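First up is the structure itself, then whatever we jot down about it.
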Amino acid sequence: MLLEVDNITLLYGRIQALHGISVTVDQGEIVALIGANGAGKTTTMRAISGLHAVASGRIRFNGTDITRMRADLRVIQGICQSPEGRGVFPGMSVKDNLEMGAYTRRDTANIAKDIQHVLELFPRLRERFKQPGGTLSGGEQQMLAVGRALMSRPKLLLLDEPSMGLAPMLIQQIFEIITEINERDGTTILLVEQNAQQALSRAHRAYVLETGKIVKEGSGRELLNDPAVKDAYLGVA
Amino acid sequence: KQDEGGSGSTEAGKVCDLKIGFFGALSAADSGLVLPGKQAADMAVKQYNAKHADCKVSIQPYDSQGKPELAGGLATSAVGDTKVVAMVGPAFSGESETANPIFQQAGLPVITQSATRPSLADNSWTIFHRGVGNDFSQGPAAAAYIKGLNAQKVFVVDDQSAYGAGLADEVKKALGPLVTATDKATDNQQDFSAIVTKVTSSGATALFYGGYTEEASPFLKQLRAAGYKGTFVGGDGIYDANMLSVTGKADVEGAVATCPCAPATTAKGTFVQDFQAEYNAAPGVYADVAYDLTNIFLEAIGEGKSTRADIQAFLTSYNKAGSATGVTYKWDAKGELDPTQVRVWAYVAKDGAWAPDKEIPKA
Amino acid sequence: MQFNDLIHGFPVLTITGLTQGAIYALVALGYTLVYGVLRLINFAHSDVFMIGTFGAIWTWSAFGFDANSARPSLGEALGLIALAIVVAAILCGMFAMLVEVTAYRPLRARNAPPLAFLITAIGASFVLSEGMGAFTNRRQFGVPAMLPTDPVINLGGWSLTPLQISTLAVAILAMIGLDWFVQHTRFGRGIRAVAQDGNTAALMGVNKNRVILLVFLIGGLMAGVAAVMSDMKAASTRFNVGFLIGLKAFAAAVLGGIGNLRGAALGGILLGLVENYGSAVFGTNFRDFIGFLVLILLLMFRPTGLLGESLGRARA
Amino acid sequence: MPETPPEPQDASERDVTSERDAAPDARTTVGVPAEPPTGDSTAHPAPTDLAGRKALLEVDNVTLRFGGVVALDQVNFNLYEGEILGLIGPNGAGKTTCFNAMTGVYAPTSGEIRFQGKKLSGRARYKITQLGIARTFQNIRLFPEMTALENVMVGADAHHKTSVPSALLRLPRYWQEERSGRERSHELLDFVGIRRHGEAARNLSYGEQRRLEIARALATSPALLCLDEPAAGFNPAEKDSLLQLIRDIRGTGVTVLLIEHDMRLVMGVTDRIVVLEFGKKIAEGSPAEVRDNPKVIAAYLGVPADAA
Amino acid sequence: MTDLRTRWRGFRSGMSQRWDRLPKASKIGLIVVFIVFLYALPNKGFYEYLGLPLGEYIPLYTTRNDMATVLFQCGYYILLALGLNIVVGYAGLLDLGFFGFFAVGAYTVATLTSPTSKIFTEYNWLDSPWPWLVALPLAIALSLLAGVILGWPVLRLRGDYLAIVTLGFAEMIRIVAQQNDWIFNGDRGITQIAHPPGSSGGKPIFAFDAKPYYWLVLTVIIGMVFLIRNLVRSRVGRAWVAIREDEDAAELMGVPTYKFKIWAFAMGAGIGGFSGALWAGQANFVNSSTFRLEQSILVLAAVLLGGAGNIFGAILGGFLVIYVPEWLRSIGDVFGLPEQVRIAGEPYDVSATNLRYLFFGIILIVVMIFRPQGLWPNRRRAAEIKDREKEAMVGA
């Protein structure tokens, strides 16, 4: 197992947001987390990336216990997150933002190459290369956030709602890119999506969250055809 | 109304463990002007106690931080301590305004070493004594000295403190049309660029600074760095060793300090050497005055005066010269140093020391 | 009002104002950096500067120079100044980091509200200045003469002394160096990233605490440089010299747009000039009055300072 | 959590003070603007719709630019008294911006917005609220450390007149307004279905926070209530109860403007829908009309809403 | 350590629960007893009655300074803290120049009531000095007005800019006061300020003894507490808290934010001015060097140390920032510590008097690290801050 999240709970002040979540992600998989707004998907991601301390439970990555490890050290371990709401550095150019993604990398020579790679994936970013991140359109910012996450060459890529704010055409494209980096580069991906339809059809496995608990888990196909899931999450595209 | 003063005094036994208060800014920003005096007072008491091991006296510090708003409470607390029979201070005029009425009520005699505001003497405080001449005596003398330099253009600067401004005002009055321009510095000022520019472009050949070493020293150095060649004259606020050591020999050379104090006569006084030995530093501003004033009180106690009233009476008839300052201490009814005793001297910085230049004749 | 003084002294006032402004600017950088990253007015910064002024004096006295010493030769002087800059900068950097580690980091670890930081900042300021006051017996120390005072450049009233030249040169170099560091190095990117969004920066692998420590270090280094220049200009120092200059530098940082490095530089220089011109016209007793008046008026019209805030969140 | 409001609450749950008798003038209805529309110099004769209802709000050729970004481009639509109007469109279409222009957060670059015939431009935001427009926020913006009750009372205070002197001395007006405001706030909390009136807002559950925002907005006695994605974060059951709540609000005479991405909710509750794309209005009409509009399908719906 | 802390917490919550459970009559009774205790504090007789030896160390009494005066100082600082607490604690506006209003109040009383004031000696604007009691309302009104005049332009600025502007404003007031040739007579100041009226047995009650002043200021504080409580539990207080929490949302909910911010400023300023007026009467002398910037910072420290947003926190803070340094002066006497040590021949003053602000600084840091919410925060704040603590990032 690349990532084992074992029965974690998490508090926001006095509110318990996670009530014992267990998630595993195997090398090379795409795993999706779906659930309503406020179910705790983002919170789970934050716990894995270290943005928020868990109250109990363990997180293991690649054999090491990272439960109490600092967020930036987890990046060095190979976990990189494209956060919800994109988290583009507004005052920094696209170039600087992408370089920030490679912050922990020492192989400076390859960084330039990887930037080129990201620009090939998202040609629109090349046009905006010197523009401050804050002035990009929402869709462009989303591309930048995903591209920036790729820059760290993560072993595990955490994508929190990558399709948010994208035009329908772009949504299709971003999911294709997700499949591509998974298949071509072998990057393991944990994906949070509101667009359950797409997410489930691309994921190898998936979990359904409801109010901080996992209520279902299975292969993407299975869940896609599960009537309860259909009713709750696939009702309206 | 008189307090009982020293506790349990009897004709037969001497009263021991009496305290002399020392009132002033012993901490906070302005303490540099007061601490040397406190050290000198401590030294005087130490010397006294060495001779009177059986019946010692101590200094009771009252740290007002120089703030009038704190002075009242300290004064009340001093008055409440019956062992305190005399007070050196308050060091500044501002705090004197709040503290002295309280001392007056309790009949606690005070001699201030450095509060020179003339109006302090106009409050009919019988307990009030001033160990130095006030601004009225020093200002005109400084002006007379400057006139003696044949300066045709004089620049007058003060630091806006009660002391500095008071002195500068008297100087301006006495100099009249010789004053070409004036400016005001502020407390803790470090950068004097603008004043320096004004001074150098004014063509003044003499400059009077009303204020203390703390600002005077950097001001003088910056003046010299900007090429000002005229004479720098200050009051007793700069007549201290720090003015020499902080400014440095080269730049302070030729600077003049007027002081209502006569040169210490080497025959009598070993004050400077003693102080140096005791504190490993040259005596700072007002140290010599405080030393002499403390000794006056010690003399009274040594003579068996052990109540506030006794000591007050002792001061009324006192008439002797102090060893450190050479000033003859004798007070008039208002508590001012007898005007005939106020002799203002000019000192010139020469080779890193204050050398007596001359006594300035009264105008 | 004496406009004559302003007109006649204009070249000199401009140059001395620029010099003082350069010192303000260097100190202001420390305020602005810390503010940009932590949104914190680091009250203790002025006292870090004060420690630097002593660092320089101690360095020189170690070589036997005190206020009474004769001026060293130019070459010697430059060497001594460079050495003092290194010592003071390191000393200030260390104290700045010490403040961060002891007074701010524990609060961050507890996610304390911003106002709590203000109090520890005040506390740290007390500790540094009062500690130094006790350590130096609250005495004033003179600065040895280093550079010759005669102007070396003189162009029709516009003359520059070696001290002014070196102050301006050192300040400009330090500021350009800092700007380059922040704009073009990996660490600089880290600083900007933390300033804009600390959490996301952590997600990129930035060690937030290390970056913050670095920011304090840089602020301290700049304060150390400023301290040496200020020493030579003011010619004396005391345990409480930080207060006033810190106040001015903070005002300068706000004037330029707090959080904005170039703004701090601009604000410092502007404040130095305004104060000098104002002093000439209205008297030096109104120097600070004019400084604040200009600041307030400017904020009325440009509520986020001259250049706005840039290290922090950019406003679209 | 109560599914549908307003069940009488268990008294023990409440703050003690609310047990006092209601002041005689305490309002018991929910909406009703505090001041009837008065003759204003800027007043316009309000247009009416086919059913003869007067236009409450007129968005008249409004353009709003941010630097180069045209967030609203010549947008025109009216809102008629008593209706529920949906405002939909893709992300970044300008829906929230439209709210912001209506509530005085942004001033339109050109065009104007009239409420009850009165121009809104140039009015302070709090005055617009006092005129009778209230809103909720896309990202919840409660006063997190105040209790639920206090949050609502801040809204109720919008029409109160207690000034510093009368509060200092607790003059009669203070007592009267404090009591009536408290009563009304308790009622509104019950109405939206929040039980824990004394709990700090930040400790309420996500759904309760959303509803608390609605209660706070209603407390300002609006004639028009603007809801910005109120169902975000709701599960289907909660969405249903929200739908009922919106209907109930309209039932008390309040006009509702609703931004929402959940089509089931929008189609189910609105009378009319306006669709924005890139700041332009691309369609307007009944839910059925809009659903079948090819432009809307292309820009926003993608697949018909009842597919899948 | 942790054990102690948990036990202390248990004790505290136990106490506060017990307090909550007390019947109203007992609560009032206890409060009355406490108030009586406060009035008795400066009386030596009180300690003697309790059998506490005064000459030696007793925990409350300040041996190096007159207790009544110290208490009076605490009193006017508490008033200041109460005023600033409205501005910073409730409305959330960072004011670094609050002492400026204190100056306005003090100078108003000083110039109007002192026969040495230039109004009478130079300008002849008025015929004769006013009684203190007549000058007082004007002092309060003028400082209130100063609050409005300052607030009017600057309250449109955001938080940290507001801080520097208020700071600058206070400095400007001080600089104006510092001008020797202007009305306030600079550092030379104004003497012979009037005392409050009243006499007993032919002698004026208010003269140089600080005790009556302490009682007066204590009475004012008690009155203020009631008035401020009234205010913060009304529409006005709710508006302030709403502004602090989310200014935009508050305005969109119909709160005239600007107006209430000005009110907060004005109320705070008025109380600050009141404090200054009381002080001027007691000090009998006002000059420009009193109004240093450090004072403003100390008041702010008082509010935050005590616990912003809570009336009693502000009171505690105001008390502590004056009392602790004063009390530290006596510490050396208690433990018989040396006043001076020599290191390498150089004498160093290590008396508690000299080092007390050093200790005070350390205390500020330590207290804030362990209690970032202040010593006595309001319950809501305390909960918020505890919650925040749990939300810290891993290892941050």
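Order of writing sets the chain letters: A, B, C, D and E. Residues in each chain are counted from 1.
In this text, a residue touches a chain if its C-beta (ideal position, glycine included) is under 8 Å from a C-beta of that chain, and two chains touch if they have at least 3 such contacts.
Remember, it's a predicted structure, so these values are computed and weren't measured experimentally.
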Intersection of contact partners for chain A and chain E:
C, D
Can you give the shortest number of steps from chain A to chain B, where adjacent chains in the path must touch?
2
Could you tell me which pair, D-E or A-D, is linked by more C-beta pairs in contact?
D-E
Furthest chain, CA centroid comparison against chain C
D
Distance between the centres, which are taken as Cα means, of chain E and chain C, whole angstrom:
32
Go ahead and note the Å separation of the Cα centroids belonging to chain B and chain C.
36
Starting from the mean Cα coordinates of chain C and chain D, work out the distance between those two points in Å.
51
Going by the touch rule set out above, which residues of chain A reach two or more other chains?
13-14, 50-51, 70-71
Give the residues of chain D touching no fewer than two other chains, as numbers and ranges.
202
Residues of chain B that touch two or more other chains: which are they?
27, 35, 160, 186, 281
What does chain D use to touch chain E in their complex?
103-105, 124-126, 129-130, 134-135, 137, 141-146, 150, 153-155, 157-160, 162-164, 167-170, 174, 177-178, 181, 200, 202, 216-217, 220
Within the complex, which stretch of chain C touches chain A?
186, 189-190, 192-193, 196-197, 199-208, 310-314, 316
Which part of chain A faces chain C closely enough to touch in the complex?
49-51, 70-73, 75-76, 80-81, 83, 87, 89-92, 96, 99-101, 103-104, 132, 134-135, 148, 152
Residues on chain E engaged by chain C in the complex (per definition of touch)
88, 94, 153-154, 156-158, 160-161, 163-165, 167-169, 171-172, 175-176, 178-179, 293, 297, 300-301, 304-305, 308, 346-350, 354-355, 357-358, 360-365, 368-369, 372-374, 384-385, 388-389, 391-393, 396
Taking the touch rule as given, give the residues of chain C at its contact with chain B in the complex, in rising order.
2, 5, 8-9, 12-13, 16-17, 19-20, 66-71, 133, 137-145, 149-150, 161, 163, 230, 233-236, 238, 240-241, 243-245, 275-276, 279-280, 283-285, 287-288
